[in-house]
Every structure is written in C-alpha cells, then in structure tokens.
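We just call them A, B, C, D, E and F in the order they show up, numbering each chain from 1.
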Amino acid sequence: MIYITRRERFSAAHRLYNEDWEDQKNEAVYGLCSNPLWHGHNYDMWVTVKGEVDPVLGYLCDLKELSEIIKKNIISKVDHKNLNLEVEFLKGKMVSTENLAIGIWNELLPHIEALGVELHSVKIQETENNFVEYFG
Amino acid sequence: MIYITRRERFSAAHRLYNEDWEDQKNEAVYGLCSNPLWHGHNYDMWVTVKGEVDPVLGYLCDLKELSEIIKKNIISKVDHKNLNLEVEFLKGKMVSTENLAIGIWNELLPHIEALGVELHSVKIQETENNFVEYFG
Amino acid sequence: MIYITRRERFSAAHRLYNEDWEDQKNEAVYGLCSNPLWHGHNYDMWVTVKGEVDPVLGYLCDLKELSEIIKKNIISKVDHKNLNLEVEFLKGKMVSTENLAIGIWNELLPHIEALGVELHSVKIQETENNFVEYFG
Amino acid sequence: MIYITRRERFSAAHRLYNEDWEDQKNEAVYGLCSNPLWHGHNYDMWVTVKGEVDPVLGYLCDLKELSEIIKKNIISKVDHKNLNLEVEFLKGKMVSTENLAIGIWNELLPHIEALGVELHSVKIQETENNFVEYFG
Amino acid sequence: MIYITRRERFSAAHRLYNEDWEDQKNEAVYGLCSNPLWHGHNYDMWVTVKGEVDPVLGYLCDLKELSEIIKKNIISKVDHKNLNLEVEFLKGKMVSTENLAIGIWNELLPHIEALGVELHSVKIQETENNFVEYFG
Amino acid sequence: MIYITRRERFSAAHRLYNEDWEDQKNEAVYGLCSNPLWHGHNYDMWVTVKGEVDPVLGYLCDLKELSEIIKKNIISKVDHKNLNLEVEFLKGKMVSTENLAIGIWNELLPHIEALGVELHSVKIQETENNFVEYFG
C-alpha cells in the first residue's frame, strides 16, 4: 500500500454565519469571520490517495489525471468564487474549513474511485496557522 | 545603515474592477479576478525600515512598536475586511496588489517617521506566485 | 470525525544533559547540545484535536479558544524561557524534543477535554530538519 | 510511543520509462517525464522512526546517528546521481516516486532496526505539489 | 515606480563541466556536480518587472500575460529538459545557475519590453540553500 | 555583475540587555527578550556576494568554498553557543539581530575578499516574522 498526495490551491471569499441568526449574534459567535461584506483566503488543499503500485506502469496512478480530476471537480467550482453564494456542494452549510473539507471529500470520492484508487484524506489549510483533515 | 523587516499578515476579500465599466468589460479585462461576488486572499506584508543602530539601545527600533504601528494603522483596517468596500485609503482605487502596496505605504509613512526611522519598502504577497514591492 | 490543527510558536533556551553526569560525559553523549552556557531554538508546535462537527455551530471547536488554551497553558510558560530552569512541567526531565512533546501533551490534555474535543497529537519541530510527534 | 522524523535532501536525474516499450509509447504514457535525455529534481525525504523514550538518555534515538545512517545508506547512493543508471536498489524498476520510497524503505529497514527503533514511514517529496508516503 | 514579481518553476537535468577538459579535471573542479550521467534540480525562478501603474487599468501589467511570456519563452524550453543538451540559449556555456540566470534574462528581455514594462531582475534558486540574481 | 547567495543556519541562546542597567530597567526596555536565564532562536543567515562570472569556470565562485568560509568563520563560533557569553566578535555589544548582522559582516569581509568576490549583504532572520539586512 502506497500513499500519494497532490496539492492544489484556490483563492476564495467566504464568511462564517448561521442563516437562522441575526448579524449581531453571528458576530458574537464568529467574530471578524462573520463580516457580512466577506473576507477571503488562499486555500491550500492536499488530496491523498492510496493503493497498490501498478506492476506495469510502476506508479499508483497518473498524477496528471489526479490533478485534472481535482481541477475539474473542485478548483473550477471554488477558485475565485464566493464559497457561500456560488458553490453548489456548500449550499445551506456553514462555510467552515471543516465543512469545506467534508464537502470536497464527497465531491471527489466517486471520481477518485473511478481512477481505481482509494481516497485517503482531504486536508485544507486556511492560513499558515490552521488546517483541517478529513478521512471520510 | 541597517535594514529591518517586519512581516504581518491579513486575510481579505476583494475584486478587480473599474467602476466606469460594465461587468462584461471588467470580466474581459480582469477575468476571474473581477467576480462581482468577490474572492479573497491571505496577504503577507513585509514592511522594511532603515536607519542607524541606536548606540544606547543597540537596535534600530523596537520591533514591538513597529509591529503595533502596522497593526493599528493597517491590519485593523484590512484584516477580515472587504478591501473594495470597507477600506478608506483604497476608496475609488482599483484594488490591485500594486495599489494596495502604495496605499499601505502612504498610510504608514508618517507613523514610521514618527518612530524615528526611514520607511524603505512595502512588499505585499498575494499568492505564493506573485508579490509587489513599493519603495515610495 | 474531523481533525483540526492549530500551530503556535515559541522561542526558548535549553541544553541536553543528565543531572547525574559530569559535563564531560554529557558532552560525550549529547555533543554541542549539552553546552553548559545553553543554546536555543524557534519551536513550532502543532496541536491536533478531533471530534464531530457541531451541527449548530458548523465547526469542531472555536479555533480562537483553542489558540487561547495553548497560549495560556503552554506558550506563556515556555516562550522566551529557559526550558531547563523555568518550566515546571519539565523539571527533572532531560529537555529533549521528545520530552517536550510529552510534557506539552500532559499539560494540554485536561484543557482540551474541557473544550469538548479529543486531543489527537502534539507535534514539535525544533529545526527544519527534525520534529517529534506524540499521540498519547 | 513517540515518533521522530529526520529530513534529508538530495538532487538527482531520472526519467520515467518502461524498458519493454519504445520511446514513442513511453512518451505517450509518461509524457515529458520520459524524456530520454533525462530531467531531475530536488528530492526532500522524511524518515520517521518510532519507539519508547530511553529513560536514561531521555530521547528515542540519537538524531545524529539517524542522520548518518540515512546519509551513508541513501544519500551517498542517490545524491547527484542518475537514479535510473547508477542506483543499485532501483535497478530494473520504473523510477517513480512510489518505487523510490519503497526502495529507500527496504534499504533503510535493517539499519534502523539495528539502531533499536522501528521504521514508521518514508516520505519523498518530488515537487512542492506532490509527495509519496510508504509505511512498509 | 512599482515592482512586481512572478514566480515560475521548472525541473531539469544538468551537469557542470568544461568541454575542453577531461572528465577527471571536471570532477576535480566541479565535484559531484560534474557527474557525466547527469543530476537535476527543481528550479524556482522569480522574474521582477517594474514601471508605473497604468492609471486606467490600475496595475503595472497583466500578471497572466507576464506568466504566459515566461512559460512560452522559458518554461517550455527548460522544463523536463536536459539543460546542457537541449536548450538553445545555453549551448556552449557552462550550465551554472549564474549562466542560467543570464541566459534567461537575455531570452526574456525583448518580450518583457514588448509588454511595456522594464525587466528588473531574474532570480534562480537551485536548492533551498543557494540562489543567483541578475539585474542585467 | 551577478549576485549569488548562500544560506547557512545556526541555533543559539542570547538575551537583550545593557550591562550598565539593572535587570529591572533591562526588562522595562527589552521585555521578555531580556530574561536573565536566556532564551534562543534558530537563525537563518543569507550571505550574498557579487562580481563577474569567471569566463573559464563559468561561475562567480565555488559555492562549496563560500560555504566553508561561512562555516569556519561564523557557524563554528555561534552554533549551539551563547551569543552573549561565548562569541568574541559580539563581546561588549547588545546582542540584537542588527549587531549580529554587522558583526558577521565584519568577520566575513576579509575572507570573502580573499575569495576574489565582493561581499554584498548579510541577512539574518531571527523568527519567521523579522529579519535584518546589512550592506556594509
């Protein structure tokens, strides 16, 4: 069993807030992160897949294909976007890094499996001081 | 003459657009960066000051004071903010990294001089692949 | 189950030595690291906690609270300190990165549990070329 | 149980190709990476070992010894070398990052065990956007 | 006057050697770097251009255009290539980082000027411990 | 004219204090940094030299020789040392990053000139958030 990780990056706007609460309560709970006029981040994303090395090809999977899957199914939907307003798979969810990681996992899962490998983890780094990991 | 640099960071939303143009023209010129629903970045900022080492204190200036000047005059105004809508010193300007660096220079200049040192440069990194430097 | 990691940093002096040995033996075993006049490092620390995403709040835990717990219980005790002479939870121990990670884990554990999440790991990086991880 | 990781680096040339195929098929499968005139990388390698902290010495193992084992058994054989033509433990293998990680694990295993600790993982980073991990 | 920098990356094989010398003398002078079977690196390249901010567009130049110029004129010629054997603008030169930076400067200069800005510097990093800068 | 930079690293203990002042005044002026029991850092140092590319050798200078000069004249004197008590060229000086950069410049200058190149700058990074540059 071998693990291979591909990093991709995107930049996006978002805010933390609960639709059922007024701005005042959102601010009390989420602080600056609930700014109704948005803020944003450069997100780093690491997608780790695992499996057996292909005896003929000599690798686990084609990294270029893996990268294209991530770009087509995730990056094109989140890069230079408003995560709260424009991303289908985050609709109705609090756009925390946690929910972002889970949402990305769910979006990627069928495409990674179609590649013939297993999805091991999705890691999202929001700033240099915090990141989230989801293993399904 | 010695040069000392302090790094501070902020996260913000913005878009590139010219108020005199329609969304269509803005998109043609600025591409994804003109998304009317915003996007955002983690910005890294390096402020470099220069001068002579103080013979009694043994340093150019108190780094803590330098950091507080940057935090009070810049970070508090841009962090977790919408750079287009909420930042006084960027009003009416295209919010490019270039104008951001120039705007921050102008805001900082009197406060750095009051500290008794010379402002040498402001460097703003928008993503790991591009940064802007302004020397006044 | 989701994992979230917070990085905090501190700078400190220390030396590697066994109190039961003379300086000569300490030097033979620990080399430059046993310098009786001390040396020091910038330590990077990553604290990883895990649990379920809170369905109302949309995150695992408040990162600001997590950061404050680490600052109050660890950073304030080790930053700009002599790890051998001034840190209660390292008294009588060889101040290796290993024992530092274990000591920090033990200090943090009750406070992390009080936050309602599980402590998963403490990672301490001493230089860019070596780090230690402890999972309890 | 504590985990300690040592990073070492090397620079080498290689190409991806299957000896049983002509250049044309190799290029179709491996793209630019199969260039018959070679290309190369700076490889970062993290070797993680685990075990109990020695109660007398206060650490898991001597990091300097660990580093010397890696340098003697791996770095000296791969640094500034052609991985396809000059490395005994890669002979007859497709020189992917996957096979590199597995080959390094096999080379290191007896020497790490002789040090009295357990080999936990070998991680090889080929570019800033991809790395491979092997756990045996 | 504002300075903007774009980073691009490439991976390549090379060796240091003087064609007029035998392998033995090359090895005596250049050490491991003269390995006749090649070695390689991940090269990081920073291209800095300068000029006045365009009053209508609000930036110095279109970063995407700058990136495309670098990719078309440099990256496509050096990435996954053998710098000694396959790169026209390095023919007959010792492929040091110094000559690489000078060669890239000369290749880029007319294209950067055609973009309406001034080329300020080319910086090439060969490993994390050394880089070269050329200002024309 | 070409510029080449070599990075070297060291770890050391120090404190900021003025010998003419009592501990109380030192603490008032330098804060935590004046801890009489010391603290420490991992210091990153970049030494930049400049000159013409040697037409026969194809480089500015032998990077290995440059590295050895830095190691012999600086690293061996400061690494794993107490900068206030054990470093001849800092005796009687406030051990700020500024004075460290100036002291290292003065130590290196004759040796760099003996190598046949010009010393351009010494840059010392004390933490990821601050660094000092000295150009003589």
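Points to keep in mind about this one:
Just so it is clear, contacts are C-beta pairs under 8 Å (C-beta built on N, C-alpha and C of every residue); 3 or more make two chains touch, one makes a residue touch a chain.
Not measured: the values here are computed from a predicted model.
Following the contact convention of this document, no chain is adjacent to both subunit D and subunit E. Between subunit B and subunit D the CA-based rotation angle works out to 180°, given as a multiple of 5.
Counting the residue numbers used at the interface between subunit C and subunit F, over half appear in both copies, so the two copies meet with largely the same residues. Repeated interface, listed pairs D-E, E-F or B-F, reference A-B: D-E, with more than half of the contact pairs matching by residue number. Inter-chain spacing, taken between the CA centroids of subunit C and subunit D, is 29 Å. Taking each chain's centre as the mean of its C-alpha atoms, subunit A lies 34 Å from subunit E. Listed for subunit A are residues 128, each touching two or more other chains.
Contacts between chains, counted with the stated touch criterion, involve the pairs A-B, A-C, A-D, B-E, B-F, C-D, C-F, D-E, E-F.
Looking at the complex, you find that subunit B touches subunit A at residues 9, 11-14, 32-33, 35, 37-42, 79-82, 85-86, 127-128. The touching residues of subunit A, when paired with subunit C in their complex, are 16, 18, 29, 31, 93-99, 101-102, 128-135. Of all the residues in subunit A, the ones that touch subunit D in their complex are 1-8, 48, 53, 56-60, 63-64, 67.
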